[in-house]
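After this come two complexes, each holding subunit A, first together with subunit B and then together with subunit C.
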Partner chain A sequence: MTDSRQSPPTSPTAAPTRRAENILGAEGLSGLRGKTSRRGFFPWLGLAWVSITAGFAMLAGVSLRFLFPNVLFEPPSTFKAGFPSEYEVGAVDERFKSKFGVWIVRDEATLFALSTICTHLGCTPNWLGGEQKFKCPCHGSGFYIDGMNFEGPAPRPLERYKIYVADDGQVVVDKNSKYQWEKGQWDNPESFVSMA
Partner chain B sequence: MDLFKEQVNRLFEPATFIGLSTVGFFMLVYSRRVWSTTSFWVGNVVLTLFFGLSALDPNFNKVITKPDNIPILIMVYTAWWTLWLSMNQAITNDQRMELGLPPDEQEDSGKKVWAWPDLVYTELLAMLLVGGLLVIWSIFLKAPLEEPANIADSPNPSKAPWYFLGLQEMLVYYDPWLAGVVFPGLIVVGLMAIPFIDFNPLGNGYFTFRARKFAITWFLFGYIVLWVVLIFLGTFLRGPNWNFYGPYEYWDPHKLEALVNINLSEYFWIKWFQQPLPSNWMIREIPGFVATLAYFSVVGFVLTKTYLKQMHQQMTTIRYGILMTLFLSMMALPLKMLLRWFFDLKYVIAIPEYFFNI
Partner chain C sequence: MSRLANVKKSIARSQLWTAFFRHGYPDTDRNRVLVIMSNVLLHLHPVKVRKSGVKMKYTWCAGGLSFFLFLLETITGLLLMFYYRPTIEYAYVDIIDLREQVPLGIMRELHRWGAHAMVIAVWVHMFRVFMTGSYKPPREFNWNVGVILLVLTLLLSFTGYLLPWDQLAIWAITVGSNMARATPFLGHEGPGAALLRVGDVSLVHIGDDVRFALLGGRFVGAGTLLRFYVLHCVAIPLIAGFGMAIHFWRVRKDGGISGPL
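Our next item is the complex of A and B:
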């Protein structure tokens, strides 16, 4: 093999060399080789690096944006749930379970809204009236009617949502605020409606 | 008959079933005679008799003929076949080596066959057979598709894909981040770590049991008892509300089972010291921290003096530490099961304030 830097290969590969000349100017490939020193190579490498990173960053940004759609077809997080007098003592109201993910429970003194999300791994428990408990079908966690966990793996009680009586006398449940027992938030007057 | 069925149902209660499987597993692994050809067929006949006769029971039949559950049936058999095959060869080799002969595999290793046509033809045939089987399977057993998902309505029971049922069973005893993230991660990482922890050249390229008792026993324990048996349990014995149902029991969604359980902190402060729970979680959970630390350090240390004395001497401390961490994490599952079954213990450390529960 001869030194191709000084003498460009002849006839068989002549065509590619000519094309290279068009892009790189009169000196062709050999000119480029001469000009790009080892030092001069690094700025180009840097530029390539930066642009690739920028490209990936943009892709990542676009993908992230995709996670926040412009329109969400979700039921509103605040809803009206009839008049307090409609609720019977000791009953679990399941009317809002499938649409809003809320049980409304009335005990002697209060009315409160329980979240239907199991605190173990997020399945939806069922209310078993006969046994007076919420029972999760996924790993068997059980909760009393007030939401306290008493069996199975659930580490904490069901969460409660903000509930109040609006000016028109109807009960309103606001899922934007939640109240967790383990943080002592069930005493918060916003977490129940007093029926006394 | 009903009385008999009831007895069998009892046998399959999680505590008894997993306990008996463990005992059975150790008896199998440690008795050399079990791995003869006769016992291979005995095992198959026993399994077939169990499934075949049980299929006469309407309740069992319903569960076993579900299209999702066919793979588990196949798994039960193949687990037995592969276990038998490897143990059989290991025992054969052990006997040969006692007589001063080289392992069985050495005779084979000298022989060569052609990739073409021998290997390629075998592969082609296997491909056609498996392909045909899958076509037939997909025609006769429909994919178990259900109605569109609805967040507000989890099917009862909600079962993971069959190969994850062991993990789902683990979730009954542990917090989701442990049973759903840490332990599965540890299983994968731990399996990958084996070649880096275990430098013992014995058994490379041939089967042996005697030279690798610890490694084989505990690997198989994790695989058979903590994976296959748990999948079996999750598939056939867990029904509505993730309650336990015996094999011949009707899946009554209103079955009542008392499973009330409490945390270690409640045992410690309320039951033993008759005090209210301390309000500061760091103080409240001290017994749990101590118990967990003690489990990992003391048990690991005691083993260096007893069961693993020899192994510990041959290993660096770091390697032994890694091995122990992995090993004790694995044993944490059966341990937690025992604590739940016999002491109704929910969590050793329970810090719901920070979603940290062990």
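Our next item is the complex of A and C:
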């Protein structure tokens, strides 16, 4: 313990050793003195690590953002569907099924937009006119013309979308709002167009 | 005889030979170790294997089969990539083309059946490791690596499922990816998602949740096909490759294949 060669330098600016002289040239550590002390180096090291971490975090964030495109080449979620008078009582209109995923159904009093997404696992049922029901090919769920489920594994009725008549007299379907029977939302006047 | 010996000696001392083989014949223990340790691929493997480790009765060779099937999938998949185009316009007809017109129409079936076999082999391997207690310390780390590899295997199957772009593919992925809706906080129908809102504006909705990121759209479409293709052919195999390197190397570091107790 008394061996002076084993003890560490008492101050950060301790006298240069022979070895340091060899590496740093003739001036040795004295060439660095006044520029960066041993103690002063650590804040810079810390800053460097923080910067690098922040840089990589930013890259990760930008890469994640890259996965969310600004423009989608999908059909718009709001579309016009002709005039209310075009729809016959008791008919299921399938014109908007493949592009927008919507059936427009007219009953005695109302016109409403049914979602074509099966409430079981999300397949698209078919309208079977002869049997007057929507039948899902995936697992056999069946729905009546008003969207009520009555057979198969579907746990709840088909959802309805917002529907209204625009100023030009045309029916507009807005898929951004949906109305679920089990929540009592089919009574909402936005979920149908009154034909009375 | 001595002339032949001279030829052998001059070959063994040539620059070409010594550049490839940096050790003598593996007829001593030292050279046998060097064979394994001086080769980047072989060094993942233990130098010595326990007698029980090479018995079919003990390992069922299920892990080796899994790796073999991964290699089979890599090669057949690479060949399929020369013909398959991941767009709505071409994907399905390219699959038909691969079956009807391309030489060795069985290539796609090899890839498909190999995929089924790989899923089975990975489960069998997991079952064997469980039944022999090989998940216990010091191998618990490698068990977890194995669980990740199992998930990656299933994800490879799932992403590959969509690529034929037939009705089965589209609806299976529609149904499968609907699960992502229910991801806590990250899926728009999941628990906690309703809490993430500023005033009336929901931060997690159908247009920015985790399912959207997976599908590249609000429903399974052109973006989904391309995303699943890239995940299937590049991203997941790359991650699985790294995982396998760690998995095999870890077997060596944990003392080789476990022995009967």
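Everything that follows uses one rule, which is that the second predicted complex is superposed on the first by the 130 of 196 C-alpha atoms of A that agree within 3 Å, B and C clash if a C-alpha of one lies under 4 Å from a C-alpha of the other, contacts with A are read in each partner's own complex, and residues count from 1 in each chain.
Note that a residue touches a chain if its C-beta (ideal position, glycine included) is under 8 Å from a C-beta of that chain, and two chains touch if they have at least 3 such contacts.
Please read all numbers here as calculations on a predicted model, not as lab measurements.
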item: Touching partner for A:Lys135 - first (subunit B), second (subunit C), both, neither; value: first
item: Touching partner for A:Leu121 - first (subunit B), second (subunit C), both, neither; value: both
item: Broader residue contact with subunit A after superposition on the shared chain, subunit B or subunit C; value: B
item: Touched partner set for A:Glu182, first subunit B, second subunit C, both or neither; value: first
item: Touching partner for A:Phe68 - first (subunit B), second (subunit C), both, neither; value: second
item: First, second, both or neither for A:Pro153, with subunit B first and subunit C second; value: first
item: Contacts of A:Lys99 with subunit B and subunit C, given as first, second, both or neither; value: first
item: Overlap of the subunit B and subunit C footprints on subunit A, listed as residue numbers; value: 101, 121, 123, 138
item: Residues of subunit A touching subunit C in the complex; value: 67-69, 72-74, 101, 121-123, 138
item: Subunit A partner contacts - residues on subunit B that touch it in the complex; value: 150-158, 168, 171-176, 180, 240-243, 254, 256, 258-261, 346-347, 350, 352-353, 355, 357
item: Of subunit A, residues touching subunit B in the complex; value: 97-99, 101, 116, 120-121, 123-126, 128, 130-131, 135-140, 142, 150-153, 155-156, 182-183
item: Residue numbers on subunit C that touch subunit A, as the complex places them; value: 171, 174-175, 178, 207-208, 212-213, 216-219, 221-223
